[in-house]
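Next up: the structures, one after another.
After this come two complexes, each holding chain A, first together with chain B and then together with chain C.
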Partner chain A sequence: MSLEPQELAELKLNIGRDPTSTELQIVAAEWSEHCSYKSSKKHLKMLPMKGPLVIHEKGYDSGVLDVGNGYVVTAHIESHNHPSAVEPYGGAATGVGGVIRDILSAGTRPIAILNGLRFGNIETDKHARWLFKNAVTGIADYGNCLGVPTIGGEVEFDDCYHNYALVDVAAVGFGKKKNLIKNHATNGDLVVLLGGSTGRDGMGGSQFASDSLESEDRSAVQIPDPFIEKLIIEAILEARKQKLINAMKDLGGGGLSCAVSEIANTLEVGIEMDVDMVHTRESNMHPDEIMISESQERMLIITSKTKLKELQKICKKFRISCSVIGHVKSDNQMHVKKGKKTFANLPTDVIVNATLLDLPSKKPVYLKTIEKEKKLRPIFDYSKIMMNFLAAPNIASKIWVYGQYDHEVGIRTVIKPGHDASVLRLDNGKFLSVKIDGNPKQCYINPREGAIGCFEEACRNVVCTGAKPIGMLDHLQFGNPKDPEIFWTFLESLKGLTDFANHFKIPCIGGKVSLYNETPAGPIKPTPLIGVLGLIDKKPLIPQRISDGDCLVIVGDTKDEMGGSEYFEYIHKFIGGKCPSVNFVESKKNMKVVLKVIQSQLLKSVHDCSKGGLAVAISELCMTNQIGCRILLENVPGEKLDVDRILFSESHSRYLLTLDKKNLKKLETMLKKSKVSFKLIGKFRGKKIQFTKGTKSIIDLRVDIAQKTWLNSLKDLVLHG
Partner chain B sequence: MATFNVHVTIENKPGISDPEGDTILNDLVLKGAHKTVSKIKTAKMLKFTIKEKDKKAARSKIQKICDELRIYNPMVSTVTIDVFNA
Partner chain C sequence: MKVGVVVFPGSNCDRDMYHVLTDVFNFDAQYYWHEKSLPKNIDAVILPGGFSYGDRLRAGVIAAHSPIIKDVQKMAEKGIPILGVCNGFQILVESGLLPGVLLKNESLNFMCKWTNLIVENNKTPFTNQFKLHAKIPIPIANGEGRYFVDDDTLKQLKKKNQIVFRYTQVVNGSSNRIAGVCNEEGNVVGMMPHPERAVESEINPVDNKPSSLIFESLLVKMGVTN
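After this line comes the complex of A and B, so read on.
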């Protein structure tokens, strides 16, 4: 929880004296991996950040996209892994709070939350169940109290998260372009701290997040208070409307230390502040404690002297505390005082600019042999396997999770969770489609192809709603970067994402890096999480009910790519094989043509084919529509493969199109013209899910029984063990 | 063996905020004529009835149950155990 010896030496050299204890605390917080990105920053620059719709302003905590007609969408992603691993309820809830304030700090109203949750094996591990249950409740309680809908996300379980939790939260904001905060400050402006009081909770959280969890030092828990957050949202938006905010920053990791130094450095000013002016929850707090406390629900605002009265009036109206803690100076120093006594006085550029590291990387040894498949035990009864599979925690419906979230409040949610991507109605007549995806099982086997796969899957999901991808958020979660093998996986994933983003011209509008995700059993699998935002100009494809006689057409090839598949890992307990890879040309072609046929209104729905493969994707269609199907596996396009591979391969770039028989001819003509690989593989009818190959029946299940298992197994597991 | 009633009080550790208690204080109690109240803390209480040989055994058994079954999260909360003769 302090600086490393060479960092201390560097600090001394920079300021020409010994730092005070407060200065040490401030610098230690800001130079932690969590705040400084010292291991990753050099490399993150490779991601394309610019695009025709991207709006850049200094000091934004979230990405901003112009969606036309004078409106903007903002988006950000964060994680709260370390806090959630020790206190899942509060950790997950405050994670939501933090990312909401990042959206707010650009001057936009938060309109949606998504979350990606990952835990250990909940089938065997009671502690993992406890973490999962409480994290979900934490998110639900916080989001529901705020009146911001939680519109989607994903949940995954893997042994590598034993005794640990990955809680990622993404948020989306919306507002008028002219109302964006243009961060600026001039000499004499006032620095105001607004919101919750500062206490001893969450002390040193950012450094905590940059250490491995092995140690027993677990003091950094924070208590959520969604009602204060809601008041902050309303107060800030009102102050924004009255143009009372010159600049604004959320207090997150590193507390006041980071917020004050970063805002001063970005705006190229100095700030002098007095810790006695900070409203605290407890008496006798030491200046060091006040500076690094990570108490929740606080915002830092810079306003002019003449506007203070109005700002105070708004705070009074919403009954939230605000205190003037300092003022802006022109000397580029961060000056912390208690009354008259100085506790810290440092140049902001010294605080903010930790020395960036150029860590060594080395291809992990395990990758040499990972693609080799072991001999699998033969499967005789695929129907039985399929029933087990539908009950598997990673495959089973997540309705127990999203059913606890209010996903409709705000009445924007046009496509609700439980489908591929969720869709929000915007005020300019357009629609926004959002999805986050991760796949640590594939990323472990091939960090590059796995990361690209997550990106493509998220794109595929928004394409299924008729949206064109316009921006991407990345959240890169890895183990200890000082291990060259782990750092190699980080770089490979990043390079993959960069290549895909460049090829598809999808700019990265924001992201986060979370390192040192280690459990007592070792590092987590590489877990990049990708969020994609898509824009629909006219009308989203809202899935229509499939009825008797409707056709099922698949676009895209099924390949022998079983590595990291749910089938290998859950049914055969085997980690290895060839990871699915994305063919950029094919991917683009498929995406384009699917968007085109959606626009020509030939389809009832489009479903993405991913986790669990074709068998699961088609069963999902049957179960959600309560209708049977007859699928001819010999018609599935791609290489000639064994039955289990056709059923369960998780090859990318595949879409399942459902449509009325009368539109089939037209669809086939369009698909043929664009030269994509496609085929009619079956029809919907009756009450049974049936897969056949030639004359042989492969899977034969009753839809109602399958549906019951699929819908209830996760809930039963969590509630009854 | 005797029967004891054991009260387990679970509350946030000192210094950790208590939004519920604060709300009851500020938005209910202090809104009335009860200006002498200065703090309210919320807590959860579990009442156990247990057969053990003495008070000490009852207390340590209950403490063990609370710790092992994660009846409370020691990261955030403390427990106070009071034992009474049934």
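After this line comes the complex of A and C, so read on.
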């Protein structure tokens, strides 16, 4: 893997000579898609990044939000798709490690991890099952060891990920605003590499991640060591407390090449370094290898000469290695030496500024006919269908996954995984609600509406806990951008997200683009993943137990939007139809009123209605509360629809409100006043989930039997096939 | 009333324990790094959970050789209350202060879930405020949490009243559903579940009062309250 011919020509032109081999390696790493965002950068600027709570500082790898009372929350999202597809345990684990260090580099303590996992069809494909199982263990072993709770996420299976894996990890940090690292450097400051040793793992990982997955290049996958990461976290937070860090950067994609050149360029200084000073895992490593190794658990710190002793003392306490590898100069050059011999000497702005591309785009041909529905086979027994559905990998409870993650450590987790969004308590008496959502099935059918849908769904989830969305993270995952049809889907998704962010005034505080997600079988479906952070000033809505006689009210219309639904794809094996679209006005109105009624404390719980539609959302309420419910489908607001559409449409902006009967009048008055579409659709009682239309019984299931299937089917599938 | 919280490289529940001790129960708590020694005037010692040395070789086995363990052993002999939670329990077992071993869970997976305990011995410094057979809703989070002893040792444990907590149901396949034990004298207690995660109502979805009694028992033992 190296530079494209025209890139090489540009480099030569820029520096006026032939580059050395080390220079070529450095530039190839930094100009890779993974590090330079060369295909996407021009367009990413459209996303709104500013907001009243957003704090912008030089050189942060994570977004920073001011949550009041002198505290900040940091957040970032990353993926480790290529490595995880080859070596799921190490790939997923090091994905966690990388994003945690992004949080740490702002000087904040990581307090939560979320992950989004996507694999092929685990019902039929043993390899997908193996990838899934090991990615989960990798995340568990890493996060659990760090003592950072994994508080939520999502898991999805789709044929488009056959022989592949998407492993997305988001992390949240928390700290005092005054303790944020204010990155700065002056002439003569020392450049220190701290943490794990540099070895021959993760060689050229960023270039590996910038191409289609064709070879199983295991040497490009990094080896995880959560114990060292934990020691680094504690050592760095102690060093920060003693104000020993002038500037800091995590070593991620591109290793030392990217970390050194980027920090120097951001701080407008030069850095001269000696590869002989880098502590290595093996002897005889060539300077090129040292510069591009992506060995994990390493941090780059710039400190003053006078502070070095104290920093070394801390490293000694935690027994982590720290090497002074160079010093800061005023010449804006990245100068790499081995002893006295120069191996690279380049202007930092040349290294970090890859020529941005303006790739052509073209609406994919398949979209012309995708919305057309085929005639479905008639369903006679919805109860039977529903039981199959509850066992479907995408619908079944993910308790087998989150039960392996320590989601309690740190004692902040107020709302635990298994609900809509997870909620953490903060030290200032406020609460942070976090959720990530993706929906490749809908994004495939309509990249714009699908992406907006993911964004709205994540917002809905935090709203269900009583939180107001304050920031968004986006992770845009697509195939080869040089295919104009794929690039079109990327642009459409991005435009959709931008429109929603602008309309709802939710700034994008961080993100990531992952392209070239392809296998020889083809590209993945467009998979934007959206994380939303919400803030609760007073009290979150912690779901209370539903009891006999409680009411079920739905807010929002159910529409004929079956495209990309689990029902179409899992039950009918049909990809197509019109996918749900978000009406911004309706969405905003519903969000606002739900937050208002939560504040008025009329409700027992609010549940989001999404994957699997109304039928699944209500069943989930029944199963988690072990109580029956009778639902009158004719009462469900929206246009007049056939039974299967009411049950399984995945229309957005819908919320299920549960409440004590005595609060019903008050609730109805509030909802009426705000002019949202709503209706009382059911009552909780007994031990059966019963959907009826008129006098006709549509679904009739015993809660205990349904619950058993829903809770156990994923585990059974993974363990026993 | 001084409580020492021992911190090993890789401990990760030390801060949670410290918060509960100081902010919830008003103990005078201090962290002690594993290479330091414990002061003579300390009144109780807690070994918190985590992954000391990354659980390498076997959970707790390396930390059991930390310099501070010699002091913990001395304190144990003096009858000072010592509590090991999760990895702290594993360390106490590995250092020989408590009988038995902790094996990989029957599921072979890390397990994080809420369980129920039954108090089987209410004479220890950490259980003296419980009624015998009281129930405690409390979370576990471990990979190597399956307590195991052979049949003879189990008989001895029963005879000497060394079983402190049992799960109400089979959770991880531990011998006799044991979740926590004590030494013969009763002053050294180890438990796999995390009481520090259960004493605040905000994060306890069931009932925070029972697990609070673990810390209140210590307060009573130390003569702070009656």
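Here is the rule we go by: the second predicted complex is superposed on the first by the 717 of 721 C-alpha atoms of A that agree within 3 Å, B and C clash if a C-alpha of one lies under 4 Å from a C-alpha of the other, contacts with A are read in each partner's own complex, and residues count from 1 in each chain.
The rule is simple: a residue touches a chain if its C-beta (ideal position, glycine included) is under 8 Å from a C-beta of that chain, and two chains touch if they have at least 3 such contacts.
Bear in mind the structure is a predicted one, so any value in this text is a computation, not a measurement.
*Asks:* Clash or fit: chain B and chain C on chain A?
*Replies:* fit
*Asks:* Of the two partner chains, chain B (first) and chain C (second), which one does A:G90 touch, if any: first, second, both, or neither?
*Replies:* It touches chain B, and chain C stays clear.
*Asks:* Of the partners chain B and chain C, which touch A:S295 in the superposed model: first, second, both, neither?
*Replies:* First partner only.
*Asks:* Using the touch definition from the top, say if A:C145 reaches chain B (first), chain C (second), both or neither.
*Replies:* After superposition on chain A, A:C145 lies in contact with chain C alone.
*Asks:* Thinking of the overlay built on chain A, is A:M670 touched by chain B (first), by chain C (second), by both, or by neither?
*Replies:* Touch partners of A:M670: none, neither chain B nor chain C.
*Asks:* Kindly classify A:F227 by the partners it touches after superposition: chain B alone (first), chain C alone (second), both, or neither?
*Replies:* both
*Asks:* Who wins on chain A residues touched, chain B or chain C?
*Replies:* C
*Asks:* Go through the superposed model and pick first if A:L357 touches only chain B, second if only chain C, both, or neither.
*Replies:* neither
*Asks:* Scan A:D406 for contacts with chain B and chain C and give back first, second, both or neither.
*Replies:* In the superposition, A:D406 contacts chain C only.
*Asks:* With the two complexes superposed on chain A, say which partner A:R200 touches: chain B (first), chain C (second), both, or neither.
*Replies:* first
*Asks:* How many degrees apart are chain B and chain C as seen from chain A, counting from C-alpha centres and rounding to the nearest 10?
*Replies:* Roughly 60 degrees separate the directions to chain B and chain C.
*Asks:* How far apart, in whole Å, are the nearest Cα atoms of chain B and chain C in the superposition?
*Replies:* 5
*Asks:* Identify the overlap between the chain B-contacting and the chain C-contacting residues of chain A.
*Replies:* Shared contact residues on chain A: 225, 227.
*Asks:* Which residues of chain A touch chain B once you look at their complex with the stated criterion?
*Replies:* Touch list, chain A to chain B: 86-87, 89-90, 130, 196-197, 199-201, 218, 221, 223-225, 227-228, 281-282, 295.
*Asks:* Under the touch definition given earlier, write down the residues of chain A that touch chain C in their complex.
*Replies:* 137, 140-141, 144-147, 225-227, 230-231, 317-319, 402-414, 416, 425, 542
*Asks:* Could you pull out which chain C residues touch chain A in their complex?
*Replies:* Residue list for chain C touching chain A: 9-10, 12-13, 15-16, 19-20, 33, 49-51, 53-56, 109-113, 139, 141, 143, 194, 196-197, 200, 202-203, 205.
*Asks:* For chain B, which residues are in contact with chain A within the complex?
*Replies:* 12, 15-19, 23, 70, 73, 75-76
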